[in-house]
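Shared between the two complexes below is chain A, which has chain B as its partner in the first and chain C in the second.
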Partner chain A sequence: MRVAREHFHNLKELPKTEQLEPGSPLCAGCGGLSALRLVHQVLGENVVWVNAAGCMTLLATFPYTPMHASWLYTTMGSAAAGAQGVRDALDILIESGRLPAEENLHVVVLAGDGSTLDMGLSATSAAIHRQLDFWYLCYDNEAYGNTGFQLSAASPLGSLTATTHHGATQRKKDIFEIWRAHRPPYVATLSAHDPLDLAEKIARGKELHGPKLLLSLAVCPTGWGFDPALGDEIAKLAIETGVWPLKEAKDGVVRHTYRPSRFRPVEDYLRPQRRFRHLFAPQRNEELLSRLQQQVDAYWRDAT
Partner chain B sequence: MVDGGMRKLLTGNAAAAWGARMARVDYVPAFPITPQTEIIELLSDWFGDGTLRGKFVTLDSEHSMLTAAGAAAAAGVRVFTATSSQGLVYGLELLYTLAGWRVPLVLVNVSRGLSAPITLGPDHNDVLAARDTGFLQLHAETCQEVFDFILMAYRLAESPAVSVPVLVNLDGFQLSFTREAVELPSAEQAGRFLGPFQPLHPGFRHSRPVAQGVAVLDGATYSYFRYQLHRAVENALTEFPRVAAEFAETFGRSYSPLELYRADDAELILVMIGSYATKAKAAVDRWRAAGRRVGLARLRLVRPLPVAELRRALAGRRAVGVLDQNLAPGLGGILFQEVAGAVAGMANGPAVMRSFVGGLGGKDVSDDEFDHLLSTLEAARPEDPPADVELLMTQSEWLQVARSLTVAGKEGGDHAGSS
Partner chain C sequence: MIRVRLHGRGGHGVKTAGRIVGSAAFHAGFHGQDAPVYGAERRGAAVASYAWIDRGPIRERGVIARPDLIVIADETLLADPASGVLAGAETATALFVNTDRVEALALPDSLRSRVIAADLTSRTLAALGRAAALSASLGAAAVRLLGAVPLDALLQAIRDELTAIGVAPTELGKNEQLARDVFALLQPLAFADTGKSLSLAAQSAPAASERTGGSMAQVGYEGVMRGTPSILSGGNSAARHTGAWRVQRPVIDPALCSRCGLCFVQCPDGVVSLDAEGYPVIDYDHCKGCLLCQRVCPVGAIHEERETRAW
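Up next is the complex of A and B:
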């Protein structure tokens, strides 16, 4: 079941202009890069990216950048505060007549799950609280990917990382709900597998003033352990098993933008990934596999 | 005062806020911390009542505050902010970052001792932790200097040959909460010295995209940028006299990077920074009245370190003592190392150098202690064995500590001090 879209109905309607040039030091099949490419295409060229330390920091490596738009690398813990400074400065310059209004930019934080869910949370919470007019794109690859895939607060229960010998023992932190508790005008999950859903959400967010979260699953061949050619299939399985719900919350009211008519078993998503292999071999971990399925079932039972 | 200026009784904090006001800053990201808070309260009022145009915003931490400050300066507005102590070290990552961004903002630090133990009284361990960040550092002795240095700081920061942020330091309590008469210029007069901000770089705009703060992943290019920063900070040594001359012409007050007080024929020189220099000057006066040739050298500029001035000032002296209001455990006084480094290898360098640490966490440096420093210098001979750093504490202070130790159920410790 899919909610009706107002802005984008087929792929031909998506903006054609590429904002990212090919060629970057990122890994083959990077799901974060796919999401960034699509988001940037829909947002357009009048953007300044405010980056936190993470995989995407490698995009702009002196003297190269694959972007036509502006970029400011800040720190790991304070990209949202950087967005505050840039936004405020642009407002001051425009209001005082020192910068023509047509020079205005969307200020967009670009951060991974490590920064977003932990170190950068204080700065982000404060920016949302201040109702800062900015976007926040989180590419969630469910670990500290750039440093070699160590446990982050986004690592799912049971997943292997470089610092969890037996797999993560906690559930993934729910950053969608943490944002929503601040009552920003818009929060949404995305997937590069569903460009129309992604584009529609950006179009909805564009109409709203204030903090807007775009939380994209970023399939990670290197860290998750799968052939880069399978990236889109893994992203699709995340959606069709119900593991990665596509949803939005406008003014705090949650709406799922897609609900699979028939959910695939969670195992179908887990099995192709090296980080979950220990749940299947040398013997099946029935207890954990059924807990993972139950968590997804329980989520969708309560989903609106 | 000419041009509608005025003479006002101001705390050091208020003088700092007036400095920002007269610089017509566009943007103040803020976070409260004792003893700095009065600065941001005043600025908040002035943005609130329309005296200042632009924006005042409270961030969630000094780390965020400095990020917003740097990002806004990179985007092309004139930025002021202030902090103290724990706040400065909490934001230390950004001090390096902002200097690397080469953004010309001004940060006031109100010195306060660092935890642990957590305390409120002043010393210089906080600001000297920032000495290698690439920020210029100006250290004030009086409330007038606090005000004046902020206007000068913007001129230095915004000069194309420099283009790095500037830290203006004032001591907590002794300056932050002490009222002194401060000459304030008229807005017109201040504007003649410091015009509107003319950013060197275009900032962020649709028609002219730019990537700033990008990663550099090879050592040679990284070194190039770091060497550039070093050269830029050094350029402030050339720029300072120009700015100071124009300042003197406009306001009638003249500043050198190194203040020399009754030092011309002095055999003994005390070197230090900050507000306790006022007490040191009183000690110099007492000793001069008794016919002894002593003087003071006070660093106004700590970064860049005015090495040439230090070498000129200390050449041929019989003994030089450095009073550090900071402690580098395992090393001693930080400024002593810097001053000793500055005069190292001089053919006619000071015959003897002595290192003293005092005034930590707001501890007084009493008249008796200053007398003790000068007596120690007077008695010192080149043939003496190397002297350790001397940690100052008076007998009455020690008795007070011993009483607290007794109350806490501890046996008295070793007597750390002298005098």
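Up next is the complex of A and C:
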């Protein structure tokens, strides 16, 4: 079941203009780049990116950049603080007549899950609390990908990372709910597999003033261990198994924008990924597999 | 000490090949160390790893600026000066290049006599079904050339290192057989073992005395305006041709294409554009060859072809 969309109804309506040039050194098949490209196309050219250190550091590798828009690089912990400075500067320039109002820019933090869920959370919480008018795009590949795929607070239970050789022992931190608890005007999850849902959510967010989170699953062939050609299929399985819910929260009220009519077993999503292979071989880890399924079942039982 | 520097593209298994060299040396009773170059270890991008082998403890760390042996997994790296493949090559004993056309390599004449070439890609494709899974064959080539390490130590290292990165047990035997074949294919370089130290005998390269010490590259601090530079020319990354990353090439058959636009929407790098009639066109200068487009195409209008010439 899918909620009605007001702005985008078919692929032909998506913007055609590329905002990013090719030639970046990101991995072939990068799910984070897929999400960034689509988000940038819908946001348009009037954007200033505030990029926390992470995989997307590699976008601009001196002396090259795929960006036509402005890009400011920050430490992992300070992207939201950087966004505050950029937003304030734009406001002052516009107020004092030194920048025409029509040249205003969207200030967008671009950060991975390590930055978003761990190191940058304090500065982000403060920025949301101050009602800073900014976007926050998190590409969630569920580990510290750029440094060799170490455990982050987004790594799912049971997944292998460079620092969890027997699988992560903790549950994934729920950053959607942490943001929502601040009551910002808009919080949404995205997937590059559903570009219309993604575009629609950006169009909805554009009408709102204040902090806005776009949380995108970023399938990661390198870290998750699958053939990059399968990126879209893995992203689809994340949605169809219920592992990655597509949802939004406007002023704190949650609505799922897509609900699979029949959920596929979580195993179907886990099996093609090397980071979960130890759950299936040499013998099946029935206990953990059923816990992972139960977590998803429990989530959807309570979902609105 | 023997210093080995391995170069390839992310996904080739260059890091694991380095580990195989270090591990194999250890199993053969030597001291061995290995380390990947940290920074851009992404699929398709130029990556490197190091291995050191000696009779005694290895205290050297950091960049290998003057390798004794350079192992190059992908000949297209020779055309990319930024990859640093040939750094220090003038004092290396040998350069191993994975290629099937050694005569056409972009190499200075001074290095040509020290090149050893073999087509590992075809052998790997035949053995494993994947052309880019080069870690076992590269590791085997490097270990064989070093001469000092026997086959059983190599095979033990391959089993250990491939198991550690999650290679399925069913694939181990194929990798071992591939390594045996590569081991038999190549002739070892001359090496000298004094019982206290190990070295490759220099052939046409400069005297060994010039190659000792000075292996560390000096990295200085830069002022903040140089250390944190600005890029003032937007969108210039197109000058970098990532098309050389491809192992397989997606090819669109317009007769089958339904012009749905899914490949255009889903290409992570935005290298599929739509022409005036709505047909997709792939920019091969930049397509990294992930083949996601092939899998999302609902009518099977995209097939893949092996890249035989990557530039």
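By our rule, the second predicted complex is superposed on the first by the 304 of 304 C-alpha atoms of A that agree within 3 Å, B and C clash if a C-alpha of one lies under 4 Å from a C-alpha of the other, contacts with A are read in each partner's own complex, and residues count from 1 in each chain.
By definition in this document, a contact is a pair of C-beta atoms (placed from the backbone, for glycine too) under 8 Å apart; a residue touches a chain by one contact, two chains touch by 3 or more.
Keep in mind the model is a prediction, meaning the values are calculated, not measured.
Novice: Give one of first, second, both or neither to describe whether A:Ile178 is in contact with chain B, with chain C, with both, or with none.
Specialist: Neither partner.
Novice: After superposition on the shared chain, which partner residues are touched by A:Phe62: those of chain B (first), chain C (second), both, or neither?
Specialist: Both partners, chain B and chain C.
Novice: Quick check on the superposed pair: does A:Pro22 touch chain B, chain C, both, or neither? Answer first, second, both or neither.
Specialist: Touch status of A:Pro22: second partner only.
Novice: Once chain A of both complexes is superposed, is A:Val254 in touch with chain B (first), chain C (second), both, or neither?
Specialist: It touches nothing on chain B or chain C.
Novice: Touch test for A:Gly225: chain B only (first), chain C only (second), both, or neither?
Specialist: second
Novice: Shared contact residues on chain A, chain B side and chain C side combined as an intersection?
Specialist: 58, 60-62, 65, 67-69, 73
Novice: Within their complex, state which residues of chain A touch chain C.
Specialist: That would be residues 11-12, 14, 16, 18, 20-31, 33-34, 37-38, 58, 60-69, 73, 147-148, 160, 192, 195, 221-222, 225, 227-233, 274, 277-278, 281-282 of chain A.
Novice: With touch defined as at the start, can you tell me which chain C residues reach chain A in the complex?
Specialist: My answer: residues 10-11, 38, 40-45, 166, 168-169, 228-229, 231, 233-242, 245, 260-262, 265-266, 268-271, 273-274, 283, 285-286, 288-292, 294-296.
Novice: Hey, which residues of chain A end up touching chain B in the complex?
Specialist: Those in contact with chain B are residues 45-46, 48, 50, 57-58, 60-62, 65, 67-75, 77-86, 88-93, 96, 98-99, 102-105, 122-123, 125-126, 130.
Novice: Using the touch definition from the top, list the residues of chain B that touch chain A in their complex.
Specialist: 26-27, 29, 53-55, 57, 59-61, 63-65, 67-77, 93-94, 97, 203-207, 209-217, 221
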